[in-house]
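Below: the structure, in structure tokens.
Every chain is named by a letter (A, B, C and D) in the order it is written, and numbering of its residues begins at 1.
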Amino acid sequence: MSDATDVLLPPLRIGSLTLTSRLILGTGGITNLEVLEQAVAASGTELVTVALRRVTDRGPGSLLDLLERTGVEVLPNTAGCATATEAVQLARLAREAFGTRRVKLEVIGDEHTLLPDVVETLDAAETLVDEGFEVFAYTNDDPVTALRLADLGCVAVMPLGSPIGSGMGIANPTNLAIIREQLEVPVVLDAGIGTASDAALAMEAGCDAVLLASAVTRAQDPPAMARAMRCAVEAGWLARRAGRIPRRRFAVASTTDVGRPQLGSASGTP
Amino acid sequence: MSDATDVLLPPLRIGSLTLTSRLILGTGGITNLEVLEQAVAASGTELVTVALRRVTDRGPGSLLDLLERTGVEVLPNTAGCATATEAVQLARLAREAFGTRRVKLEVIGDEHTLLPDVVETLDAAETLVDEGFEVFAYTNDDPVTALRLADLGCVAVMPLGSPIGSGMGIANPTNLAIIREQLEVPVVLDAGIGTASDAALAMEAGCDAVLLASAVTRAQDPPAMARAMRCAVEAGWLARRAGRIPRRRFAVASTTDVGRPQLGSASGTP
Amino acid sequence: MSDATDVLLPPLRIGSLTLTSRLILGTGGITNLEVLEQAVAASGTELVTVALRRVTDRGPGSLLDLLERTGVEVLPNTAGCATATEAVQLARLAREAFGTRRVKLEVIGDEHTLLPDVVETLDAAETLVDEGFEVFAYTNDDPVTALRLADLGCVAVMPLGSPIGSGMGIANPTNLAIIREQLEVPVVLDAGIGTASDAALAMEAGCDAVLLASAVTRAQDPPAMARAMRCAVEAGWLARRAGRIPRRRFAVASTTDVGRPQLGSASGTP
Amino acid sequence: MSDATDVLLPPLRIGSLTLTSRLILGTGGITNLEVLEQAVAASGTELVTVALRRVTDRGPGSLLDLLERTGVEVLPNTAGCATATEAVQLARLAREAFGTRRVKLEVIGDEHTLLPDVVETLDAAETLVDEGFEVFAYTNDDPVTALRLADLGCVAVMPLGSPIGSGMGIANPTNLAIIREQLEVPVVLDAGIGTASDAALAMEAGCDAVLLASAVTRAQDPPAMARAMRCAVEAGWLARRAGRIPRRRFAVASTTDVGRPQLGSASGTP
């Protein structure tokens, strides 16, 4: 019964990529490739991010082998880099290794919180765009930095909702909304999602897609959570387009029959 | 692409009713029956609430005619009643008119906020249960009142998220979670939903279903919002079962590659 | 420097009582009477609630002795009662024992969450008001119940912010604001306060006073927290009267010098 | 009664300045100098920020004249600058004009939201610190940027709560807490405060002081709001030191008399 077969979200173009799914999956935190495969299938994703070291093993049964089998696009990321120099080096290696000029740029400013270093990120983005990369730039939720990244030519700007792996959800939806209004390239929520309502909220705030890893890979049932996230992303996308009712403190009746019912008129006898 | 055809939520039993959809639609606020019909279809709902006055017209083109055509169950409600006496009277009329002993009990304590009057609601519930009704009891989010309603024999307890028609979402998710833990009968979130993430959050808090009216009927595009809500309810239900990651203030890396990447080991040449 | 000597809040009348302090202290959770004495002094309170059993010992060094010495009024409460009958009995005993017709009515509906039972509370309130008590009624944050309690003749209505001892703060400030608008008797926030900003928020939402126990008695430094709460209550009261700026998503400049500075005009030389 | 005369917050050292008040006032938005003077007095502040253009008039009845009369320190700010170059120029002019090497550095990245441009801010901070300025750096709530500003030698780092003039309060208290843990220099909340509880919350999150302008200057009663903010800042500071109780979803009783009262033992006769 509960199928949603006629949901037809318009395709999302990010650089040279066209996606019909608005959910991007990270592989960090995964401990079992079989479970990952099920989660990928359940999520409906067409794009999966992988840290470079993970994909160096390309043999049968490897992560890369699995992803190729599922037919998803692989987006190498520069996870673990702390400087622009490191990130640029790693991106170049990824390009060689995978024959793709797409890269998720991630430069961490603090090993404890894993928050991005926006100065190094901007530096690296500038270099990578110059070198012809399609840069998906992970950043914090600062609208001014987001606009700078877009102005540099990143194909997607990816603000966090809250710190990587925290599951704290969308700390500042207002910032996401401002980012969406000010940028022309796709905005992808990246990091912080804990559960389905977080993903829906990100889309309602105007994000074009959601990237998440731990929320699925570390859930008790990753494939079930992957499906939940898929539904949530669609729900949030649809809700934004459907034009929600305003919030108002005092109620407006949800029936037109407010006031005492006219029992007499309904039945003839009260 | 974005189908979710294999979402198979377990059926929900409320009294003598078995639902496979967890979304219940109210008709309050609707201005166009054609749009309502599309919204009902898009929502996947199997149960629609109707205020008694609305359904007295049973001719072709009436609301009732439409609902019969779509095949959904009709749940008459006592919207507009301010006392137990009125609500009981109206419920009896509804039973006669519709041949159903199901009733959504709604006794309003304040015409301005439309908040329920729990004392009158408890009184009416006791009478109606005694008279053999299956009572779906609209109430506030107080766990003690919810438990009393369940103890009286209501087949579903329906706490609000926030005032009817306010679109303020789930003001107090903790109360919903407490209610869910303490009751054995289904808990249905009723009132306050504004957008999809609200519906997902209600399900994540433990509700078994969501009832909403204005959020769909007064949205700019009711059928699109109906579909959004359907996806959101499924998303929230799945997410709760999937076992979300804990919230933690400080990040846990979403990749195992945290720390500086060992560029050399990945490629042989840095 | 940091004195606030000219804060002159208008006196608050609750029944036959006139208070110049808007902070009421509970004694639950206290483990050391000396610390309590310091906390009472630091809080500036003029009214302290005590559970009946605690005050039966009236000898030197007892809680009651201490409170008499500090000159505060004692407000006996019916903590621990689960029915109207019990609460009424206990209130009568308190009247005999203390020669006061003031009573904080507290009827708990669930030993686990300590949430109030509004049906029993309403029953007990009716009886006690009839017997000439000045009833300070602890209740949940439901506006309709609050209005019923006021209509019964309670001298103060005391909604919770969140469950007793939870430290969760003000779960639903909107409800408090509605209660304040609809009642003429004083509204006292009771239960849930965790820290100073919670107390300020309760006052900003319109409460006339704040009652708290655990937040002070179980803080690491109860006298320091008592003083913090005193400042917070004054801050919140003042802020409400001072007329806060509206919330707006987009900024309005806080200086009139927005736009590029005209360096030349300021100095003669750019 | 409601004096708080023995609140003795420890002095706060920011660069060469020692403050006993933790509240810093901005003058943006003020329309009446008499009201400003009352607000300054009511706030207890010892430091007031002024945009350069405003202070060029030093004659009798000018803003500067007023501030000198009240005895507060003046902190010139670079409000309105959009680049590091402009901000550095303006800071130099301020140094000449006021004979102070203190400057509040503010470089705006977007005239609409007035959010800071962290890249330009970092650039300007580096130059100004090199030139011997004591830089109070306005920034967003990103912990990594805050740490960079501290590492550059700023004497205070001043993260926003929400956009200037928005009155939205503290959007992300977690970020403030992380900033406080990672920095050794004072952290001053700057921008976004709407009402007293916001200021208290900022201090509870670990800020050493609060700077605000519109919340006071644009309140209906600026002096009353100034006093409210003073109390709130003290309340928040004290509450943090007092060691708040943990938040817990389920209640812990605030009296030791939980459970049915033993009426018999209290009175001899039930």
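By definition in this document, contacts are C-beta pairs under 8 Å (C-beta built on N, C-alpha and C of every residue); 3 or more make two chains touch, one makes a residue touch a chain.
Quantities reported herein were computed from a predicted structural model and do not represent experimental measurements.
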item	value
Interface sides of chain A and chain B: same vs different residues, half threshold	same
Cα-superposition angle relating the copies chain C and chain B, to nearest 5°	180
Relative to chain B, chain with the most remote C-alpha centre	D
Reference interface C-D: repeating pair among B-C, A-D or A-B with over half of contacts shared	A-B
Distance from chain C to chain B - Cα centre to Cα centre, in angstrom	35
Distance between the centres, which are taken as Cα means, of chain B and chain A, whole angstrom	28
Cα-centroid distance, chain B relative to chain D, in whole angstrom	44
Junction residues of chain C, two or more chains touched	113, 115, 168, 174, 178, 249
List of chain B residues in touch with chain C within their complex	109-110, 113, 115-119, 122, 140, 142-145, 147-148, 162, 168, 171-172, 174-175, 178, 182
Residue ranges of chain C in contact with chain D within the complex	1-5, 7-9, 20-21, 26-29, 44, 46, 51-54, 56, 77-82, 86, 89-90, 93, 96-97, 108, 111-115, 163-169, 191, 194-201, 204, 213-215, 217-222, 224-225, 227-232, 234-239, 241-263, 265-267, 270
